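You will see chain A twice below: alongside chain B first, and alongside chain C after that.
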Partner chain A sequence: MDGARLQTIGLGMRFQGLTALADIDIDVPAGQIRGLIGPNGAGKTTLFNCLTGFYRPTSGELRLGDMRVDGLEPHELSALGISRTFQNIRLFSNMTALENVLVGAHTHMGDVRATPPAAVRPSGNRLVDIARALPGAPAGAYGSVREFVGAVARPPVVRASERRAVGFARDLLRTVGLINRENEIARNMPYGDQRRLEIARALATRPRLLLLDEPTAGMNPQESAAVVALIRRVRNEFGATVILIEHQMRVVMGVCEQVTVLDYGRKIAEGTPAEVQRDRRVVEAYLGTRAVGGDSHGTA
Partner chain B sequence: MPERGKLGRAAIAAPIERLRARTWERLPDWTHPLIWFALCILVLVVPTFDDIWVRMFFLVGLYATLGLGLNVVVGMAGLLDLGYVAFFATGAYVVGILSAPDSPHYSAFFSYWYLLPMAVGIGALVGVLLGLPVLPLRGDYLAIVTLGFGEIIRILALNMSDQTNGSSGLFEIGRPDISYLHNLGLTGRSTVDNVQYFYVMIVIAAFAVWFVTSRLRDSRVGRAWEAIREDEDAARGMGINTTRYKLMAFSTGAAIGALGGAIYAPFIDFIAPNSFSLLVSINVLALVIIGGMGSTQGVVAGSLILIGVPELLQFSETADVLSKFDWVGQGVNQVIDGINAVTHLDLSTLPPAEKWGAKLALYRFIIFGALLVAIMVLRPSGLFPSRRRKMEFEHTPEHETAGPAGTA
Partner chain C sequence: MTPLFLAHGSAEFWSDQTVNGLTTGSIYALVALGYTMVYGILQLINFAHGEVFMVGAFAGYGVLVALGGEDISGVMVLVAIILALAAAGAASAVTAATIERVAYRPLRNAPRLAPLISAIGVSIFLSHLVDDGFLDGKSKFYPQIFPTGDLSAGPLSISYLQLFLIGSSLVMMAGLYWVVQRTRTGKAIRAVSESRENAALMGIDVDRMIVATFVLGAIMAGFGGVLYGLFLSSIRGSMGFLPGVKAFTAAVLGGIGSIPGAVVGGFFLGLTESVGRELLNEIPGVNLPNEWKDVVAFALLVVVLIFRPTGIFRQRETKRA
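Presenting the complex of A and B:
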């Protein structure tokens, strides 16, 4: 897994009358940890939703590596290596911790078949070409029947892939410190553990770009510090590019190499954490809501 | 007095809570092999019973098969389907239309053993076709639309009389030819044409379906279904092509429903649109819920109760047994006479025990309804909740106040 460069070019998102994002140009180099900050309602989560295909941007372009990826479905973007956590935890609450992570490993198990993009016969449609080259079971009815038969008959390849996935999922649970809780039902886990489980689940998709939406929200300083260490480890070990939405300045200063600031759907500043903190517009944006350096803020 | 309502509710709730606490929230693990063993014994001895009993157990087996199929859609993928009868009807009509002598499309070419897989295949296809338009729907909306599908299929069967003989239905549906087994000396008959043979057939089908669905549950496919049930958006974010897996769930459930229909049609020997009413969908859904969503034992227990109990209440055997309890009736009547003597009440006495069977048959659905209500009050998650749901029950109280997680 290697990190991928992310670029948005003039990205915009309008909801009926409301412009949630306008003209966003962001360029995150491969392997960087980028902070994304801004007052409540600035459009940070909306940007994540655009990057993951939950919202279809109303204007602009989205590039991952050297591929243009806007317009793809969430599961296709996930297969291309964009993964995320949610601001208000969205685990599969009645499944065990291990099963949650295994769902994350979905794309990369079983009949994995990634056609090199070069080998795909061009169809004239950019989105179709990308979808054809994605990893995962073969598409369409044939792929579904094949997967069905594989699940029922359980030939050695399927067993082996299941074993590998379980091993991989356990490794990830160990990474986030939840290996002793693998059989616990997600909804019964303490809040901090749920946050970390969500990170493990996101990692299971083998992201090249990992989007973390307030991973330390509602955590005490020790827990936050552990998550910061985890984020750094994730980048170093898994090589993923990371974008981190965060309200606690301590966390931003501690882990982000660059910070992008949004306000009212626009990018108002960008730079190192220290530069951004000194920026006049940033201070103004936060005045009236909350001073920069303000600590935790409520979830959701 | 505002206090009064509260008190009243507590007065009702407390005893129920006590009763609930006394019913096993789950059976101890060591009982599971015993239950399976008992079930196997039951399955094996049923053919020696009277025909009417075997017939009942055939229906239990049929509904258990349908329940296992619907459980894929409702229990695993979380898609509330109220039109399951559509697929049952599809299977029955595929076999009926091609094998009933008075059908416009009768073809001597197709033996039952061609028609069975054809029915299952067409069922799977119909599942995909009906699944496509409802893909974007969730929850209640999905339930209402699928409810419509169940009716549409029935009305199609009624109105496409050139194909289906309409309301007069199809008779003498082709029966499975087993002369091959007969020639090998394995069976006493060369066609499946009595209840015992149909019973064996449905038992084999039920076990096959059980095997397939439990394999699916423990696979990548099953996990994808559960993820969709838990949180469809998060599932999409994790790389699951929800369109594909929802269609797979619909199609799998539909194929199993059609399998049930394809076995039911020759058994009952006559199919007409009215055999495929909403009641079938409701019964199958009810047995899945009463048994405990997502558990196999639950589906078996649910169909035993849902199909077995109303039948049981009207059997002559039940009446015979009851008539032996005339002494109970006499005792009760003496008490009633006594009460009548000392008060000005005029309570009527019980009829003689020979009549109890008839009364029971008459009121069987009242008794049955009360039983269902009692089960759901005492065991809200079903008789045999699946392992995962049981764990939920064990833990919920502790963490209900888990703070910010609650807002997620």
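Presenting the complex of A and C:
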């Protein structure tokens, strides 16, 4: 799988009177690791929620590769290859590690993978096509029945695809170093392992764009370093485009090729980590204007 | 069977009460599964579930009558019952999926009371539609085709029909458990019931899995409807009400949202109505005839809710629809 280019063009998100994002233009080339930083409340997580379909942007465009994707449902965006992790871990806490990863893997095996949601492929059966075209025919009813019958009757095709899913899920657990804990219930796992499991689960959907929301939150320097190495591996092995919300500058400097800075819902700077670090507006946003004004401390 | 001449307190008597309790309990358990699964995924009490059960009973009745009614005999009995179960499962599934689409989905983001009222409306609509619209207030009677006779060992005795009811319902429940635990549809349903948002992110079509949940619960209820008809013979449009409320009680007793809880709760309730009631009769001065079974059942519900509001299986550990 290959990474996909992500573009936001004049993206805006308003909640009643509150403007959470305004006029965001971001262009992340395929396969890049992009940092997304900014003070609390800058709109970073809101942007992630727009990219995953939890929020419908109130203005602007969202493009993944060549396709315009704003307004799609979360599961459709997932099918197109957008996946994420959360600042506060959200695993399926009553499922085992392996099951968590499988939930992602199953929906993306074989023929279910990345059917552009708008396009309805002819089924090859004329009766089915006619039934589908009837006014009021429940969209996807045919697909639901086929999926369910397949899941229960498990013809060889389904068995093979399930076997592949399990193999793929185990590979991912191996990648994040959890292969020995595959049967542990997620909520009983240590915090660091849960974070890594969430990354494995996000990878299971075979993302072309992976969004990581503070993957090192609450980790000590050694654990953070391990996650940084993991992110780099993920990009190199899976080729996914990665956008990373991060507060630890050490992590941002260590892994991001480009950094975008948000403040009060606007993009205030963009560039390499070193450039951004020197940017006056960025320092202002983080430390306040006085720190830059030089009237007493002379910082820059 | 409960011959009336059995001495109260004899081994035969208690064995019969146990078998009776397990028989009704198996039907409660089958119906309770639908309540608990839908609750697990939507936090909605689907009060129309009793009517889904009723539709299944009528579909099974239709098949049995079409195949010859009372004249069915020999190996055809088995074939007819399997076909009746299949038809009932299908009819109930279609009914439940339609109810979900028409009465619940448009209210998905409404306050929680709205779908509940909608559910009660659907329930009343369906039971009256069948009773007054189609049957003119009369009952239908299931053809009595099941071989009669008992299987006995010492004081234990069980009729073939009861054995079939208990055995087949256990097989169906095991099948459901397998679907939910082992298949990918089952995993997706469990994922949605843990977190809708999260499941959508994994590429799961949440609406589709909600329908699948309704359908699975409805299939169990449809099977239960046929077993009910075979056992109690008389079916009506309003037949779903009391078993529905009882099954809901069973689901709550077991811990609503929990699949094993629904099964345990169903059998527990069935046994309470028979064995529990007779145990109370052992107290001098107490005499609760069979008609009091509903009083005993609902008194139990109140007591359990006071002392253990989350049911026998705790919600947090077992919330896995």
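Criterion: the second predicted complex is superposed on the first by the 257 of 300 C-alpha atoms of A that agree within 3 Å, B and C clash if a C-alpha of one lies under 4 Å from a C-alpha of the other, contacts with A are read in each partner's own complex, and residues count from 1 in each chain.
In the analysis below, a residue touches a chain if its C-beta (ideal position, glycine included) is under 8 Å from a C-beta of that chain, and two chains touch if they have at least 3 such contacts.
Treat the numbers as computed from the prediction; the structure is a model and nothing was measured.
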Exercise for the section: Mind checking the superposed model to see whether chain B and chain C fit together on chain A or clash? Expected result: clash
Exercise for the section: For A:Val152, decide between first (touching chain B), second (touching chain C), both and neither. Expected result: both
Exercise for the section: Would you sort A:Tyr191 into first (chain B), second (chain C), both or neither based on which partner it touches? Expected result: first
Handout entry: Touched partner set for A:Asn88, first chain B, second chain C, both or neither
Key = first
Practice task
For A:Arg266, select first, second, both or neither according to whether it touches chain B, chain C, the two together, or no partner.
Solution key: neither
Exercise for the section: Check whether A:Pro74 is in contact with chain B, with chain C, with both or with neither, and answer first, second, both or neither. Expected result: both
Problem - chain B versus chain C, judged by how many residues of chain A each one touches - result: B
Exercise for the section: Figure out whether A:Leu102 sits in contact with chain B (first) or chain C (second), or with both, or with neither. Expected result: both
Practice task
For A:Thr52, decide between first (touching chain B), second (touching chain C), both and neither.
Solution key: both
Exercise for the section: For A:Arg201, select first, second, both or neither according to whether it touches chain B, chain C, the two together, or no partner. Expected result: both
Problem - chain C collision site on chain B, chosen from 22-30, 76-84 or 400-408, when both complexes are overlaid on chain A - result: 76-84
Fill in the blank from the handout: chain A residues where the chain B and chain C footprints coincide 52-54, 73-75, 78-79, 83-84, 90-95, 99, 102-104, 106-107, 143-144, 147-148, 151-152, 154, 162, 201, 204-205
Fill in the blank from the handout: Contacts from chain A onto chain C in the complex sit at residues 52-54, 73-75, 78-79, 83-84, 90-95, 99, 102-104, 106-108, 112, 138, 140, 143-144, 147-148, 151-152, 154, 162, 165, 201, 204-205
Exercise for the section: Write out the stretch or stretches of chain C touching chain A in their complex. Expected result: 101, 179, 183-188, 190-191, 194-195, 197-206, 208, 211-212, 215, 317, 319-320
Fill in the blank from the handout: chain A contacts chain B in the complex at 52-54, 73-75, 78-79, 83-84, 86, 88-96, 99, 102-104, 106-107, 109-110, 136, 143-144, 147-148, 150-152, 154, 158, 162, 185, 187-188, 190-191, 194, 201, 204-205, 217-218, 299-300
Practice task
Could you please specify the touching residues of chain B with respect to chain A in the complex?
Solution key: 211-212, 215-216, 219-224, 226-227, 230-231, 233-242, 244, 247-248, 252, 388-389, 391-392, 395-396, 398-399, 402-405, 407-408
